[in-house]
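First subunit A sits with subunit B, and in the next complex the same chain sits with subunit C.
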Partner chain A sequence: MAIREDGYTKLFKFISYTIIVVASLASLLPFLLIISASLTSNDAITKYGYHFIPTEFSLEGYRMVFRFPQDVLRAYGVTASVTVVGTLLGLLCMTMAGYVLSRKDFKARNVFSFYIYFTTLFGGGLVPWYILITKYLGWMDSFKALIVPSLMSPFLIILMKNFIKSAVPEELFESAKIDGAGNFRIYWQIVLKLAMPGIATVALFLALHYWNDWFSSSMFINDTHKYQLQFYLYNVINSSNFMAQMGVSTGVSLSGDLPSESMKMAMAIVVTGPILFLYPFIQRYFVKGLTIGAVKG
Partner chain B sequence: MNQASSASAPVRVKQRQKESLRQVRKKKGFLYDLVRNRVLYLMLLPTLIFFLVFSYIPMVGIYYAFTRFDFNSTLFTAPFVGLDNFKFLWQSGTLIKLTLNTIGYNVAFIFLGHGFAIFIAIMLSELSGKWFKKITQSVMFLPYFVSFVILSVIVYNIFNYDNGFFNTMLTSFGFEKVDVYNKPWAWIFLIIFFYLWKNVGYNMVIYLAAITGISDEYYEAAKIDGANIFQRIWYITLPMLKSTFVVLLLFALGGIMKGQFDLFYQLIGNNGILYNTTDILDTYVYRSLKVTFDMGMATAAGLYQSMFGFVLIMTVNYIIRKINDEYALF
Partner chain C sequence: MKSKASKRLTAAAASMLTLALVAGCSGSKGTDSATGSAAPAGSPTASSATGIDTSKKVQLQVYMLGNAPKDLPAVEAEINKMAEQDLNATVKFNYTTWTDWDQKYKLLLSTGQSIDLIYTADWTQYQSYAKKGAFLALDDLLPKAAPELQKFVPQDYWDGVKVDGKIYTIPATYKEFVTGGFIYRKDLQEKYNLPVPTDLASYEQYLLGIQKNEPKMMPIFVNSNVAALHYSYMDLQKMIASNVPYGLNIKYDDPTHVTSYYGSKEMLEELKVWKRWQDEGLIPKNVLNSKDDGTNIFPTGKAASIIGDNPTKFNDNRMRTKASHPDWDLGYSPYANVTKIAPPVHPVHNGFAIPKSSKNPERALAFYQKLVLDKRYNQLTEYGFEGKNYTVDNGHYKMIGTSETNGFPREAMNGWAWRNPQYMLFNESYDNVKKIFDELDKYQTPDKFLGFAEDYTSYQAEKAALEQVEKQYLYPLYAGLVDDVDKGMATFMEKAKQAGLEKIQAEYTKQWLVYCKEKGLK
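This part shows the complex of A and B:
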């Protein structure tokens, strides 16, 4: 049964389409601006400024980025390994925690839930945390400092708990126990399988955090060879004498002292590339995660 | 009488058994539970240690706030200065400025962020066209995924003085160039704008899910009663979103003293000209720690932030509990 649209509906739809198209363009165009700038020759940028369409097409920026690829590749390597190790380790801990906290017959679960939740209410602040990690744990310039402090967050543990609760019915625990399965075996063979979509969501949240992390490097890393990708990019953009340094370290003097505009933009694209490529495939997991886990709190 | 007591006898026995069992359990209590559920405790152990080390132990370091701490001193050797750090922060006016900025920005973030998200989610849900919806939703969610460093590149790309997109446009229309990085007031709007740019998509997804959960029957009934689309949104959709909104709002209020550190630091960095309008507690603490190395001061500001936030969330929660128990955070 098709109901004819009245005037109000037409008006509403017109406004909605307009606003949504505008909002979508606003979300997308900044990326276009960077892509375009990365494909423009540096001279054209300094002469004409940034445009949505390259004024003078050139791959100069990318050539500059990859002239001495070892630095970018090393930063890629650091970020990739930190992301993989951190995500796996964090997932192991958080799935176990989520499982234990979702067990209704585990009497102490409320105490521990509060133990975790309380850390979001009150904390010692940045400085004591920093001093603990650098001075007492001695993790300055160590990969541990990039991985361990971000392993878990109360938000993700709560998310995980809710996922497991909704994916594994209570009776399943009971019947598995009657069949003689131990607590760990229930986790390993039942919970991990049934809660897989939820685990994927938490994994992606965690991986995204590690991939986009620049803060840990800025806090704990002095050795430029251990910079994460984002912090490496940050330094390229912000340090005016980057090229000079690179010239010294590679023994080759480069034309000009500053990284060119097009090179900065090419670097930004190289850094974001994987996210933009993967985005269409991973996006729905985030949507699912927000839908199930976050709202219930 | 007799019959009744004989019937209740087995019940009484059972009750007694239960009681004695409870007593045994109580006596053994925690240890009993620890042994019986040792595997579960073991599985929880990494998490417990993690929060102990990275959240609870650092709380001891709050003491630094009352010392003139430098990196070579320890907890016990740092010279004790009492409330001097707080006094300085208060008298220099820093504390008030930081507090107002932090709260002001967060209030704007919360209300504008959720307002726009609800607005767009409603419009998106009313439209037909599966592909249009799918693609626009994905596109609007995209900014959430890029790092703040990339965001700073984007902002630099648009607003830098020499060849930014904004100035290129201005000159091509015959206006004079504007040095945005030198205009403190402009950043109030820019920071809010880019916060929205990055986060509206995220909240929109949540609200969209909530709208999808509303039963179609309400809308059908309203249509039959002759309600137009604006009335349907006003009287059905918005009221149905209220609980989601309140939950998210309260959650956000809890973090009102915690700034979006990444956002502010990547957009403003160490550009002192802009501090008056853009400095928040988090950026101040970070700078004191990494740039000026004033650890005692940084701890003091951090402690103030934690305490203020804690008191705030406790108060809010208390009030919510009085008004409507269901929405209370804990």
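This part shows the complex of A and C:
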């Protein structure tokens, strides 16, 4: 009997593992297709379509992406520094805002909460925003235009506030006060430590936002040296789309080569690569933060 | 990075200072005596033709579409050196890039940013912006600030760009044709002894021949934008322009007689042609899902023909095909051979306007005159530095290196609008295009359609609804995918009428007839 049961268990294990393996492989397929296409020669793609195994192996796509290596690297640098600076500054601002709004002894907290919430419902729209930044603040072609507008996001502030509320019990503030801690010390030494999982979540959101941002570059940056990576690459694609669509009817001739299918795929790899590594890195903080909360809370 | 930039800045500042010393007096017409007397006597006054006040130094903001070339800073510095001397002005060339350019264009004009020159074209909605008052009327400024330019551009060009009787843009004078035609594989046509496609009937024979002999090739390239088929059909039917919207029928020879094409017998005939082509297997079954933009179909040997492309496109395709397969060849037969109608591009097609927000319209105009008429300015901004970016070989333009290594390929600044036929340099391969242009010249007729700008504010909702209906019910008909054509067209007409087709057509016709009267079209 026992042996037979083992057989069943084995069978069950076999089946369930197979299903899991197949399912996880299936979810990898699209990514594999992109990698394979990025390694296929462009002619082969136009002729035979996409395949999982490159029909004609070639690094042409990557060569096209990096044909002006210093441009790509510079754009990488811009995006990386904007992401780092923006995320750190943004976290500082938003945790402070979240902390202040979570303190019950802050009288005007409802007014401020509403003020922040209000902006999610009613926005000025694109034109006033554009005028504000270019005309009144004079941030055209400045990194400030890339970083500052996204520093405080209402959604993330509310998330932060709720997280601090649940992670830091009210009594903790009182006992810290009795021990002689000031407001900033409470924030810096207690709240920040306890709210680590929440901070990790917000940091991830924020970093992704900065990494994927191309719109700010598109609107406010004229200087090619300050393009963000996403915009730099997106623009290359758009130029070719323009050529294909408008070029026919307008007779506008654009110099330079067309980016190819394989180049688009190579771009996708180049762009998503680094941010993929952020997930496991942040994940560590998730776990750590959760356990800290469990033990001390 | 930073130190480099600041170094460059100091260098630029230093060179500007020295320049100011050397040529300080050139522009000032005695109004500003301080700089005039300080400058060494005898320095030649570079520009005295302009009757404008250049005593104050200004920076002009020029906005263009597209991407800035890599060597722009060097070119800009050189231009500034000259402009400083001639007009006491420096210039900054700004580019919108092709990403969301239409949105940015709108922002640039609507937010009152200080811009001195901006690119205009029919496809940037020049007429509607001019009507809204975004641009400065140039009629009074021209004789004062750019008299030579005014003489240089022919009067009918100036008339062509007028909106409500005023000039708002400076049209380009280079004449080119963007009319359609068949591009086909000449080597295959000769090999299998197929007819040369000139009209639809011979084209169909050519396609069938290709299908028989080269079963692996697509006989004709079409993608989800199947209206391209329809447009070519319209061109061959001598319509005033292939892209007359809303299914209106305006013939080139009789523009004031407007009828509805949608629902007409002619349309039924056309749709039956597509149905036949679909049945013969000439149009691919999955055409409505195809997103291939068709740029590489010839060099890869994927397709054997394409319709509706202009001579420049043809030449580009031919060069690229020859580069990868020397034994292949492409042929081109313009529709004009059959229709005898070949309008060159309308003057509004390329131009530069001065927005209302400009602080220095006179200087901007004077600078633009330099850009067009001064050979140094013109060739530098079109082709870069001779010897560094290009060489002139036997009267032909020759790029140094490849487009990847060269920081300023031909016309990299997108200066389509200030092309000056006298100073233009062409690639050797361009001779073919010129030959086609010469051929088209024989049939040259004025463009009657492009100068017209519709105002669709009163039927915007209907327009959007109609576009939806066209996509859903008409495109399958163009692709020949509907079995019963009569019934398919009836359904389409019913839906189109529900969407408000009649209202759109009536309103559009009204505006069009007013335009015809204004321009004296008959």
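Methods note: the second predicted complex is superposed on the first by the 227 of 297 C-alpha atoms of A that agree within 3 Å, B and C clash if a C-alpha of one lies under 4 Å from a C-alpha of the other, contacts with A are read in each partner's own complex, and residues count from 1 in each chain.
By our rule, a contact is a pair of C-beta atoms (placed from the backbone, for glycine too) under 8 Å apart; a residue touches a chain by one contact, two chains touch by 3 or more.
Being a predicted model, the structure only gives us computed values, none of them experimental.
When both complexes are overlaid on chain A, the residue A:Tyr279 reaches subunit B alone and has no touch with subunit C.
Of the two partner chains placed by superposition, subunit B and subunit C are both touched by A:Leu126. Residue contacts after overlaying the shared chain place A:Val85 against neither subunit B nor subunit C.
By the touch criterion defined above, A:Asn42 lies against subunit C but remains apart from subunit B after alignment on the C-alpha atoms of chain A.
When subunit A is checked against subunit B and against subunit C, the one touching more of its residues turns out to be B. In the superposition on chain A, A:Lys135 makes contact with both subunit B and subunit C.
In the superposition on chain A, A:Ala181 makes contact with neither subunit B nor subunit C.
Of the two partner chains, neither subunit B nor subunit C is touched by A:Leu172. Using the contact criterion defined above for the overlaid structures, shared-chain residue A:Asn222 touches subunit C, although it does not reach subunit B. In the superposed pair of complexes, A:Arg67 makes contact with subunit C only, with no contact to subunit B. Touching of subunit A by both subunit B and subunit C, each in its own complex, is seen for residues 46, 126-127, 130-131, 135, 214, 218-219, 231, 234, 238. Of all residues in subunit A, those touching subunit C in their complex are 42-43, 46-47, 67-68, 126-127, 130-131, 134-135, 214, 218-219, 222, 224-225, 231, 234-235, 238-258, 260. Residues of subunit C that touch subunit A in their complex: 1, 66-68, 70, 94-95, 97-101, 103-104, 107, 110-113, 121, 123, 176-178, 243, 292-297, 299-302, 308-310, 312-313, 316, 345, 349, 403-404, 409-412, 414, 416. Interface residues of subunit B, counted against subunit A in their complex, comprise 30, 33, 37, 39-41, 43-44, 46-48, 50-51, 53-62, 64, 71, 120, 123-124, 126-127, 135-136, 138-143, 145-150, 152-154, 156-158, 162-165, 167-168, 171, 197, 200-202, 205-206, 209-210, 223, 228-230, 244, 247, 251, 254, 261-262, 266, 269, 282, 285-286, 289-290, 295, 298-299, 301-303, 305-307, 309-310, 313, 330.
On subunit A, the positions that touch subunit B within their shared complex are 3, 6, 8-9, 12-13, 15-17, 19-21, 23-24, 26-28, 30-31, 33-34, 37, 45-46, 48-51, 92-94, 96-97, 99-101, 103, 106-108, 112, 114-117, 119-132, 135, 149, 151-152, 157, 182-184, 187, 208, 211-212, 214-215, 218-219, 230-231, 233-234, 237-238, 261, 264-265, 268, 271-272, 275, 279-280, 283, 286-287, 290-291, 294-295, 297.
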